[in-house]
Amino acid sequence: MPPLWAQRSYTTLQLREHILLAYIAERLVKAAFILIAILVLNFMLIHAAPGDPAAVMAGEAGAADEKFLQDLRIRFGLDQPFTVQLWTYMKGAIQLDLGYSYRQQMPVAELIWERLPATLLLTMTAFVISVILGVVAGVLAAQKQGTWWDTVISTFALLFYATPLFWFALMASLLFSVVLGWLPGFGYETIGGNYTGLRRALDIGTHLILPAMTLGLFFTAVYMRMTRATMLEISRLDFVKTARAKGLRNSVIQRRHVLRNALLPVITLAGLQAGQIVGGAVLTETVFAWPGIGRLMFEAINQRDYNVILGVFFVSAAMVLLFNLITDLLYGVVDPRIRITK
Amino acid sequence: MTLLSVKNLSIALPTGSDRALAIKNLSFTLDRGEVLCIVGESGSGKSMSANALIGLLPEGVTSCEGSINFEEVDLLKLNEDKMQALRGRDISMIFQEPLSALNPLMRIGDQVKEVFEAHNLLTPSERRKRALELLQEVGLPDPIKMIDAYPFQLSGGQRQRVVIAMALALKPKILIADEPTTALDVTTQAQILNLIEELRRKYGMAVLFITHDFGVVADIADRVIVMQSGEVVEAGQANAVLMSPKHAYTRALLDAIPRLSFGEAPPKPTDQIPILSISNLSMTFRSRSSGIFRKARVVKAVIDVSFNLHKGETIGIVGESGSGKSTLGRCLVRLLVPDKGIIKVGGQDISQISGDSLRQHRRRIQMVFQDPFSSLNPRAKINRILTEGLIAYGTDKDTAQAKAHDLLKLVGLDASAMQRFPHEFSGGQRQRIGIARALALNPEVIIADEAVSALDVSIQAQVLDLLADLKDRLNLSMIFISHDLRVAAKVCDRIIVMHAGKMVEFGPTKQVLGTPKTDYTRSLLNAIPGQDFERALAKQHGIKL
Amino acid sequence: MSDFWFRYCKNRGAVIGLIILVFVIACAIAAPFAFPRSPWSMVQRPFLPPFEMEGLLLGTDALGRNVLSGLFHGARVSLLVGLVSTIVALTIGIPIGACAGYYGNLVDDFLMRFTEFFQTIPSFALAIVLLAIFQPTLGYVILSIAIVSWPPVARLVRAEVLSLRNREFIEAATLSGQSNLRIIWHQILPNALPPIIVLASLMVATAILLESSLSFLGLSDPNVMSWGYMIGAARTVLRTAWWLSFIPGIAIMLTVLALNLIGEGLNDALNPRLRSLEK
């Protein structure tokens, strides 16, 4: 019998994966239910609007023409009973048919598909910026609690927290684009540039800086405050004292014991913030004329194009759900209490 | 050979605390291989002295005077780097709460290996080897599985063993143990104490053991220091201090310890129908499956419990954590609905009733709770706390107030307490108010759920005396739930011992404690610390009598 | 009570916040007296810069309207919307959270699924949708903001009630024959109040930000002059008259900052951390 230290370690890897899979499957089912509920909500909103649903759907484009409205009614089965209509709507939505935009003369789904990548680029970049900056600033403020560093960082966070995003975006574009002329403050890429490949990517990149920084900085404050508070709270816990009693250096303790545990609430917070960042995208894209679904929604509001409004609403909710799934998964991987039973 | 020498240590508390100095003029020495116990109640400064030795004082607290000399070096003057080198290697510390002492996101093995890493010793594979050896040495089952486990997969006792393994990894010269067994069951406590003693002998360590339990002192200490309000009131060889204490405070503490006295036989039941009759009571907890794919966890907390309580009698329910005694208590007062079985109060079945009839019967069984800090509404004056129940049952305000005055007098508190808030009272006083509240509705049965467990030893004795006094005066029928057999022995006529939800023993106190029928009860009795001391004390008193 | 003030005033930021808020409230109250003419009326030539003319301290906007008057009247709108929508959100959220926490089991499951659903939907998007479909009057703005703001209240109240429900003094209240409703109202909620109050102050701040964002996009009541609207209207002239966007933004920022500081001050004052150094 080989000595204790030479025996192979017992792996619970397979068992672990099983439980993690069950956890994910559960979350997926929940997400599906919520999507269906949102579709029902969408449907009810169209019919809750005062006035004729057909007129609502036709928007400004076709409200005047009675024949047109009658066509709409037949086409969308508005003369059918409620439940049949609901079923038709949901069937359509599953097949990615989100209606038709009369203003733009395109199916809504196509419109959204065109603009979605721009929004994803913006929100993902902003998210990464906000989390990284926020956590780093929070850790710094916590470690240097009470000093000048802490006061400055906390004050900045307080100010950013109170700043309206759209105004901040306007001022940023004013300063960096209009006054200083360092960065482009409009659009996705230089009009008439016709760049390709790397040149194009760089062009998009420079256009991305202002909107992403604005949106990102706005949420940095949220992560910074949460990280700082959690780090301070955890530093007071018993297991940190045990770590000190072992003679570990403070930097190791902060990294391995405090920060690792502090990341759990940050992941949860990220999930909760997903909805906010999507809302922020609407404002940012409007100010910077960024061609994403947020801007699409703004245009649709002005044009009273309800199908587009509801379509974007549905897609943004789906994006939030997906993001929540990812954060749930991440949480399940980081926290062993979720994936291992006793 | 003197290892550690503390001279005139004084530690100041931040302004606004209830006293200026946490510790005043503390002096003692610790020799190689000896066990020194520091005894005191809460607020005595015992933990603070331990924290000072290892340099882990809480924020805002600074040592202001004195010196701590370890191997010719004054620890108070050492800078943080050198102090870190010392911690874990020459001086180690283990703390009170095993459930929160380990990082929940790190594996056990990694946390043990960290000790070596902190002092830059051994290669990674050697560290793993040593970690496995350590885990085996502290008596953990299946070290190979343990090393990859996470803390939440271990019990409290197992976690404390891991903490001990970490503390002893580098064979320190001094081990400081700050109440390491207070949060553990009595059987687990005995095992951990044995482990510490065994390892101490093996490595020739000096141990500074902080505790509030004289029984523990009697079992393990070579020398003892008694502290009160930050000052040393008595110090000396353990035997001398325990058998012939010189200071009044020490004497008071020793007297307050409940002895394993065997009272007289229980009185014969005088009533036809027992005041409380329990038949085949069972309670199972099913956790709501928190997901579609996860199985619900089923815990059988109480299994088939039956007994009768007669008027004027006190029955004790004793068990360790997880034995089901608290669940049983809550079923009896109908804070929980039992799955199976019958509870009869004075012949009437209250086990499944609800709504208004339940309300009518509630006043017949009342409870005194465990935690003096959360059993009283912090936003209500004592006035309101005592009269709420009466008013809810229809008594008018003036009569209720008068009754509240009487109750306060009964439990030994001044009538001026009526207009004060709970936070203005001490733990012992709050328990008295809790008892007064329980008596307000003239219940037929009182359930005391670990009513004295959260109190200091001296206060505990006072409250137990109060309960005994009230029992006689009001001819109360009481059920006394406790994890401490000694405490139960003091007030109970008969005792039920519970283990894993079942009743394993039931009989008169004298019989259960003197001639237990089951092995489990015997193991409980054997685990109680300080029994040799008890016997010696009894002999001494026997001689004195 | 004086204890509370003492603790509150220890936080310098909180005191500053209170001063700012009092100032803003004063402006709001003074608006109809200081500027009796409607803020929509033309008073001078457009684009008059600030500090140039007597009586027009902050100049005029793109349509010749008095900017300072707009600020004062805008204060009324912001505070009104912030306060009322928060009250409505609390009225929805507190009962839901309290029932979910106290009754548990199926009630809790159902109410929490419902709350989760509302929390998952991106709140700003939902507010936009609601206002786009219904008429953009101030009442609907308040309602929309309340509808997207109540879930955090329910979650907080539920968490507090859950932790209090297992406290021994609640069990004692049950034993003393008090009815469930009485226990929730008299025992649990008063003890759950401090974090709710802190949350409420932060919610007013968020509501003001939401309202200004909505009116910036043109979704608010067109008859109401609000700070967000002023910024939105000045967007096209950002290059030439940047102060028209800048000034109302500062107003929003100061008000929201004041409310956040007050929230933190309330937190410190209502939950004094008990430092127990001795075990």
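Chains: A, B and C, in written order; residue numbering restarts at 1 for each.
Heads up, the rule we're going with is that a residue touches a chain if its C-beta (ideal position, glycine included) is under 8 Å from a C-beta of that chain, and two chains touch if they have at least 3 such contacts.
Since the structure is predicted, the reported quantities are computational estimates derived from the model, not experimental observations.
Chain contacts here are complete: no pair of chains fails to touch. Ranking A-B and B-C by contacting C-beta pairs places A-B first.
Centre-to-centre separation of chain A and chain C, using mean CA positions: 23 Å. Chain B and chain C, compared by their mean Cα positions, are separated by 47 Å. Counting only residues that touch two or more partner chains, chain A has none. For chain A in complex with chain B, the residues that touch the partner chain are 4-5, 7, 9-12, 22-23, 25-26, 29, 237-239, 241-249, 252, 256-257, 260-261, 264, 334-337, 340, 342. Remark: chain C residues 105, 109, 167-169, 171-179, 182, 187, 190-191, 275, 277-279 touch chain B in the complex. Against chain A, in their complex, chain B makes its touches with residues 54, 56, 84-89, 92-95, 97, 100-106, 114-115, 117-119, 128-129, 132-133, 136, 143-145, 147-148, 150, 152-153, 163, 166-167, 291-294.
For chain B in complex with chain C, the residues that touch the partner chain are 13-14, 17, 22, 42-45, 47-48, 58, 60-61, 96, 179, 288, 330, 333, 335, 359, 362-363, 366-367, 369-371, 374-380, 388-389, 392-393, 434, 437, 440-441. The residues of chain C lying in touch with chain A in their complex are 13, 116-117, 119-126, 128-130, 132-135, 205, 209, 212-213, 216-219, 228, 231, 235, 238-239, 242, 245-246, 248-249, 252-254, 256-257, 260-261.
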